[in-house]
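Below is one structure, written out as structure tokens; the observations come after it.
Labels for the chains are A, B and C, by order of writing; each one numbers its residues from 1.
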């Protein structure tokens, strides 16, 4: 088989001692910087990028791959330990991961995230190796009409993110969509909701929003009751998932991997949906969906796998077309160009050693991550025993640096404070932050694709139903809508009886 | 599953559904949503709505503001027939007064004072938010955080921060 | 002045002579602001050149990405910085076009900066989806004019290179057709590859690999001469549209009031960097070339900026697009 010899070539390039060492250093640095609160994958990679410039092209890209996975895992770690997601995907992990941590199961949550990521990464690496070219063809079939329908499907699914009132979750999604509109309109350049501040012309900074509504709001909540009790758990519990945990995570990991791998291929916003979609699926399929939002292991295992699989397959458009699917990929392209490799459809043919070396190093990067992080879990969990009044000033300092480092924009720091307040008030009013974040991420995409689809169809809304993929997605969306509404009604009645058993 | 006694039980339903009454949280929530929707809607009025072929920058925001207002209204109306009652609880005034200004302070001074003094003072401000923090402890902590950040971000990673800014005499 | 027109081997001599003027400069690391995100084409140019300039200056040039609002945020930052030679700006053609695209800029483009020199001029190519009917550029123009109601042209957002080229094209062929803006070149190129839009005009940085890979169809280049990379592609002037000539030129600026010795020293370092074979090779991979030494001078950049502001103002005003 052709791909076997290709993979063999890749591994022979990636597994020289030197390249292995760079991969390990990359993964380690990525984890160490990414684990600092408020510093997400994009910021981590931007910070570490210059280090790789001095290396040979292959080593440089391999180290970058290590940094990438390390940063991603670092982001999940902060999401679980202190409710501080650095990017949209780990926002989902924060929902149940943080609850697990509060119940003394931080070690289990971290282990599940690592194992799920590794499995998903392994599967997705093989998918990339075998199917990259045909998958690209599918991705190119997605025009704006298809993306719009996909996003509608995603939004409907998002209702499942809520574990409280569905109405309030919807309100948060809409508010998130509106916040996503802030900035200059892509089509006409008109500033919207920027209050005349040019620094917001390109929209609000995601990290500022996420850090504010999740992390800072949580710090404020923890400071509420300092008078009468110790803040947050100081008991750590067992480090390792129990056998029940292992059994509970297998199916979600498998499903998450599949979902993430499929969505990751779509460069117009598919990967963003992966972890949200996986969470929804797990919650729907779960025997006790009430557990979600209160520390369900499937709520960590599924989205983390989906996220990592999606991250992996989002390399496909990058490698086969030379087109970045997200800001992180854009950074990778910049690194490649500086190394004298212009990514494009020819890289695989012209530089097979490099192309397959990078693919092989993705898997090695994932492996390094597991090897590195399983032992580190003990250390991370110990961080929780640091008294909270010492921990949170450190968190605040790292947040400030992390948010500022992305674009040197001081307005992003003001946004952190504003969204911290907003998140706290929302919490008081029993609104949840996850749907808000999803709306915020999807809002600009939804509008952009809707408007573009209408321009391309010359104003004919039938474009959404006459294009087969779009129609299929819309039908799916209707089915999900029914599924979401029906059990909600049924469960409301059942709730009274089940609740006492929990 | 061992649950921590300090963790509040899942909200949701109590054993017996209490008689419907008004839920103050939801009244406030609904009103706030409607107010927010109003603000966004008001900001939308200056924007071009456009046509279906060329939707203007105001098209989407207008729909969303309307939707948000409706959702707020429904939450507001439903709040008078609620079955859950959860107190708002204590408010972290001291936290808000000291935590939220920390990043703002950092933003205001990082270019003027420079990275090192700015991160030191920001950490100091934030650490005062806890009643348990003693002044000396706060100082020590801020110094450690400052040294760590300067070493990692400025020296090791070479981020383009000016360590000491033009506001300082040296 | 005679010395400066000699390039290549004599660069070392220039460095020595100009070093004598700028006694002591630079004493610490220099920050070069790139008003776009890390990893983009402008950032890449800055990092390529900045590294070599650092070697010559003996002090590190670090890149600070201050993205946002079409590059005007980063430019404003440098306009307000101390004129001591330790804060520089690397910006492209947007420096000239934003003077007209933005009705309220926090700085006066012609008054707020000193000049160091031109860095590179990136050519642009008109490309179309692979199965787009017309066989050559004249046929392409005829087709677009005939089917103005159904064709669509992609661009990477207001003020982007592809948008500027699109405006020129529309005014050159005096035809209005639907333009489809995207958030950046990546998504625009994806839709072009997928056949969702018909054509686009973009920098070789973004198009050369796709053209070589045969995933898009190329019609013409916007430079006065044909490119070494694609000798078979005609220029727009050859095909009768000289008014469509455009390149994405990049220049390095310093805040107003920076001493002349300093800008001269920087310009000398820039010339050394541009003469470096490694830089030339990396730029060739991107389908561009370093500016010749006589263009990497303050006077040449000043002249370029003034000419380009005057050129774009009527184009942008007649198109009636504004970015604020």
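Throughout what follows, a residue touches a chain if its C-beta (ideal position, glycine included) is under 8 Å from a C-beta of that chain, and two chains touch if they have at least 3 such contacts.
Which chain is which protein? Per UniProt: A = Tripartite tricarboxylate transporter permease; B = Tripartite tricarboxylate transporter TctB family protein; C = Tripartite tricarboxylate transporter substrate binding protein BugD.
For clarity, every value in this text was computed on a predicted model and none was experimentally measured.
If the chains shown are joined wherever they touch, the resulting network links each chain directly to all the rest.
Ranking A-C and A-B by contacting C-beta pairs places A-B first.
Most remote from chain B, judged by the distance between CA-atom centroids, is C. Core chain by CA centroid proximity to the global CA centroid: A. Centroid to centroid, with C-alpha atoms defining each point, chain B and chain C lie 40 Å apart. Chain centres here are Cα averages; for chain A and chain C they lie 34 Å apart. We define each chain's centre as the mean of its Cα atoms; on that basis chain A and chain B are separated by 21 Å. For chain A, residues touching at least two other chains, in rising order: 187-188, 408, 455, 458. Shared contact sites, meaning residues of chain B that touch two or more other chains, fall at 158, 160. For chain C, residues touching at least two other chains, in rising order: 64.
For chain A in complex with chain B, the touching residues are 33, 47-48, 50-51, 102-104, 163-165, 167-168, 170-171, 174-175, 177-178, 181, 185, 187-188, 190, 192-193, 216, 219-221, 223-227, 229, 233, 235, 237, 290, 293-294, 387-390, 392-394, 396-401, 403-405, 408, 410-414, 416-417, 420-421, 424-425, 428-431, 446-447, 450-451, 454-455, 458-459, 461, 495-496, 499-500, 502.
Those residues of chain A lying in contact with chain C across their complex are 46, 49, 53, 139-144, 184, 186-189, 191, 198-199, 201-202, 267-268, 317, 321-325, 327, 330-335, 337-338, 340-346, 407-409, 444, 448, 452, 455-456, 458.
Across the complex, chain B meets chain A through its residues 1-4, 6-7, 10-13, 15, 17, 25-26, 28-29, 32-33, 36, 40, 43-44, 47-48, 51-61, 64-65, 67-68, 71-72, 74-75, 78, 86, 88-92, 94-96, 99-104, 106-108, 110-111, 119, 122-123, 126-127, 129-133, 137-138, 141-142, 145, 149, 152-153, 157-160.
Against chain A, the residues of chain C that register as touching in their complex are 37-41, 43-44, 47-48, 51, 64-70, 72-73, 76-77, 101, 106, 150, 152, 157-159, 178, 180-183, 186-187, 189-191, 193-197, 208-210, 212-215, 281-282, 285-286, 321-324. Residues of chain B touching chain C in their complex: 158, 160, 166.
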